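Both complexes shown next keep subunit A, but they swap its partner, so subunit B is in the first and subunit C is in the second.
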Partner chain A sequence: MTMHREVLTGKHLMQGDIACAEGAIAAGCKFFAGYPITPATEITERMARRMIEVDGMFVQMEDELASMAAIIGASWAGAKAMTATSGPGFSLMQENIGLAVMTETPCVVVNIMRGAPSTGLPTEGAQQDVMQCKWGSHGDYEIIALAPASVQEMFDLTIECFNFAETYRAPTFLLADGFTGHLWERVVIPSREEIKTVERKKPIVPADKYVPFKPDEDLVPPMACFGEGYRVHVTGLTHDELGYPKTTDPKIQHELVNRLCEKIRKNSDKIIRTYKFMLEDADVAVIAYGIPSRSSLNAVKRAREAGIKAGLLRLITVWPFPEKQVEELSNHVKAIVVPEMNCGQVVREVERVAKETPVHFSSKIGGEPHSPSEIFEVIRRAAKA
Partner chain B sequence: MRVEIRIGGFGGQGIIRTGLILATASCVYGDKNAIQTASYGPESRGGRCRSEVIISDEDIDFPKVEHPDILVAMSKEAYLQYVDDLKENGILIVDPDLVPNKRENLKVRMYEVPATKIAEGLGKKIVANVVMIGAFAAITNLFGLEHLKESIRHNVPKAFIKLNLTAFEKGYEYGKSLLKS
Partner chain C sequence: MTVLQEFEKHPLAKYLRLERFPHIWCEGCGDGIILNCFVKALDDLGINMDKLVVVSGIGCIGRIAGYIKCDSFHTTHGRPIALATGIKLANPKLTIAVISGDGDLFAIGGNHFIHAARRNVDMTVICSNNFNYGMTGGQFGPTTPLDSYTTTTPYGNIEHPFNLVHLAAAAGAVYVARWTALHVKRLTESIKKALQKKGFKFIEVISPCPEIYGRRNKLGKAIDTMKRYRQICEIRHGYDPAKAEITIEKIIVGEFIDIEKPTYGELLQKQFLTIQKR
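Coming up: the complex of A and B.
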């Protein structure tokens, strides 16, 4: 199996975590900083071995605060950069995630979610960090988060994360449950030419004309990295378009923070991905993401066999939340079922958007994903009500 | 057709590797879909260990085994814990030296494969799992033999490929002999 060292073209049986690492490398990741933690350790292990093969850099950091800081620095030095962790490490990253948002630093953060709070259930999967991913750092901001449901998607969506991070200059999250991270499944890795990668926008003006944080029409400013001949000042303080702190002018705060939100919100049609199954004539719609969406797919098929018109909307993009898709759906179904491996997170967003349509929540925590029959029962109840 | 396989034993027997060999044979060298999941205790040797494989001609939606069609038990604990999950008329393969006192009146097709003893005969107890894979292949007829051999070559250290392929052949012959009797 001699293949291109950056793109392992071919058919493999691969673990989710490993497929994520390979997706990162295929996307052009050249810098990984991290601290191993179950169930994300295999990503760090794979990157430790692979970064050197592709002339990239791997750093095992002292903790997750530093890991996040390191990828911000690497990104400003021009590298596509990633870190990977699980709940406890994700909590430690939150402050610097805010720094990445404020400095508009393209970077990818992988969270292989395990049972929580605190150190919780290290070896068991969960979906308990979905709201933390959106709101974990202080302040108002928007991020992008994708939720893979297969090993193939661990590969594909990691590439997508890099492309979004580079396009929108925002930290982008691969939000996977520990079950998917540890799953072994077939992955088909295409040829290097078939993999679409995106590079950050560079300034086209000479150095003396460059205004580092002046956005283009898409609300994203071109990014000059350190060492490219442009003067750039990078700060977490509220700054003007030149990048210098301006903390007494409310107008500057208003413009900057709104733009940081709007550059994601206004482009949400380009960011949101969903998968629809048998929704055309559905009375009951299941809305799911990650591994419960696979239990749901099976449950929907069973429901159809039992004469219940059920369908599935799988959220591939979780943030920004697919409001339009959920609203449209809520207008033509009688009930919505939301299974999550937590005590109720995305279901709140669904309820907010679905308004009058009844929403039935199915919670599962402890490690095992919902069985299809558990979801089938909720579908049956929802159809009767 | 979806086939659910569960392999149970203890850490150090190559239980997880067994699942990976079967899954690789099906979905990398063969043209079926396959999924492997594992669960194990924190101990690296001696603790409970379980590997599950699902093989299907179609896309696999729910990735977990609920009621296995085939159970391979390589420890008494695995036998006791999982035998009741087996589907009616399902296939049960046990290593009789590791699983004494099997229950009677089970509605299953049971095959006894002394994999550990056969492996000891080859000089390396550690290849008992591959002996089991050979017997499994003969009994279930679920895999292309060449696909399994390719998968073994891919999944074991280079220096031990020959030994593992011999173990596979021994297991296969033993499995065939069980079908004849």
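Coming up: the complex of A and C.
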């Protein structure tokens, strides 16, 4: 192997799934647990080969319930940890995703979305799990989800996912569609020095002074891991700052659940990433993420050629939802177009925020992505209306 | 002197999160005995409490993780073994004990149990087998005897129970023992042995649930159940676990399996060294 086994610096022709695995390794991932499922299997296979080369740990678990549980355990043992799956496996992970939220466990969950419901379209991409990603586990909570639209972003955003997970102590999702996961494209992997990585905040006080779930000003508590002498108790039950179950005091529930939400909401400016194209003077704005954003870019260019002032807002961060950005945009465009590979998920968020601005939805529910001309047609209709 | 101050003088007090007491268990519950035997084993072995992790699932016994003063994880129902696998593999220096219930480990979590045993992941799994789901008010589970009454078998149980020691042995556990809450000394010795041994170790503890299972099946008080254990238990080390089914007339207890087999961690380390040399 090369000198930098963790970072394969250079230019590569790579598949999206593999770029995701390499991004994880570059971010410092040292533990991967997974269960094979199309179209995410290549991530698991790559990790099986690569983890051992970088002093990391790979384990193929018996199912996705176990994979999710294992990465939570590994994270508490001090490792940056990840799992990867697709719809059916993502459904099985939901209960333990809630456990990760409640116990403030940094971890990364990759969902390469395929056509659904149920076993659906295993080999075909979709974007049908976006709401599940936000709401899939029971209860109120906030998570972070990033949506890559290229193989380069499969690499870059996986690193970003780890950095967010470590910063905010929350499960963080790479929410990619199966088309992007299986795409082969050029990827440029920078040098190790150029890659920014983040490590979780550790306690600076001795064990007898440490209050495990007492947050700092950023609402995130420093994290002592198992074996470090802090003797932490971790539970999925509603707990006080010591980490002890407190299940009859509504005040504790109120404080804890609100803080878990607020630590993401209050920092949303630091988490939200968007890409803007020709929006300054736009009458019609396309809001898209993942693979439809690529057809959208092409459609916007065509619209401009046809004399329609169109632009694109690409959501890189899907959760927390970029409310401010969408609201600002809705104040100066005449219409919004939202293409998604589902029956209408993010479009509901857009409608909620855009209020009076008309929103035109373009739906594809798996099997094939939108063509640029399909989106162009919706832009043209929106411009006329 | 307050009760807490009284407690603090107990030689095993330093292993407990005393501020969390009184515990939630009913009077006469076997779970307190399991806690007692476990911390006694820790004390006898002089275990480094900074390197011990106790993991439990959900249930009455699941609360045990929160009472022991070490790193501990009270996980989701059925998942403690899967989560503990992650802990152990990410930091092989830690000693892992999973302590949970018959429902948690063998109904909802049964798949994780057999696969962790098959992989031979280094951990000690202790099951408090009270023949029912105590926490949720006494429904039947995978170890409930035929004909027993629970809230979901109001006409008697028609499902055949698991023989846990046979299951564990068949799945590949390197150490398999069964005791009851009556066998305090032997259980403690068994826990000590398991904690020192490498690989996937399993100890079943037959545990009275006088408040719920006992009441519904007219087993009397906890003390009556303990007396019954004394009458019907037979210690048979090395006995074939396949034949050690629990019946009304007889409970075979003892060490059934004690073998050596490379652990997941050891095999991985071997592979790691060859790959690093390339």
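The working rule: the second predicted complex is superposed on the first by the 382 of 385 C-alpha atoms of A that agree within 3 Å, B and C clash if a C-alpha of one lies under 4 Å from a C-alpha of the other, contacts with A are read in each partner's own complex, and residues count from 1 in each chain.
In this section, a residue touches a chain if its C-beta (ideal position, glycine included) is under 8 Å from a C-beta of that chain, and two chains touch if they have at least 3 such contacts.
Here the structure is a predicted model, which means the values were calculated and not measured.
Enquirer: Mind working out whether A:Pro372 is in touch with subunit B, subunit C, both or neither, as first, second, both or neither?
Expert: A:Pro372: touches subunit B, not subunit C.
Enquirer: Who does A:Leu13 touch here: subunit B (first), subunit C (second), both, or neither?
Expert: first
Enquirer: So, does A:Glu53 touch the first partner subunit B, the second partner subunit C, both, or neither?
Expert: The answer is second: A:Glu53 touches subunit C but not subunit B.
Enquirer: Please indicate which partner A:Glu194 is in contact with in the superposed arrangement: first for subunit B, second for subunit C, both, or neither.
Expert: Neither partner.
Enquirer: Touch test for A:Leu183: subunit B only (first), subunit C only (second), both, or neither?
Expert: First partner only, subunit B.
Enquirer: Between subunit B and subunit C, pick out the one touching the greater number of residues of subunit A.
Expert: After superposing on chain A, more of subunit A is contacted by C.
Enquirer: Which holds for A:Tyr230: it touches subunit B only (first), subunit C only (second), both, or neither?
Expert: The second partner, subunit C, only.
Enquirer: Who does A:Asn96 touch here: subunit B (first), subunit C (second), both, or neither?
Expert: second
Enquirer: Return first, second, both or neither, reflecting whether A:Tyr244 touches subunit B, subunit C, both chains, or no partner chain.
Expert: second
Enquirer: First (subunit B), second (subunit C), both or neither: which does A:Ala74 touch?
Expert: Second partner only, subunit C.
Enquirer: Which subunit A residues qualify as touching subunit B in the complex?
Expert: Where subunit A meets subunit B, its residues are 11-13, 123, 179, 182-186, 291, 294-295, 297-298, 301, 368-369, 371-372.
Enquirer: What residues of subunit B sit close enough to touch subunit A in their complex?
Expert: Going through subunit B, the ones touching subunit A are 19-20, 23-24, 27-28, 33-38, 42, 60-64, 66.
Enquirer: Could you pull out which subunit C residues touch subunit A in their complex?
Expert: Counting only subunit C, the residues touching subunit A are 17, 20, 49-51, 53, 55, 65-66, 69-76, 78-79, 82-91, 93-94, 111-112, 115, 268, 271-272, 275, 278.
Enquirer: In the complex formed with subunit C, which residues of subunit A make contact?
Expert: Going through subunit A, the ones touching subunit C are 1, 30-31, 33, 52-53, 57, 59, 61-63, 65-67, 69-79, 81, 95-96, 99, 226-237, 244-245.
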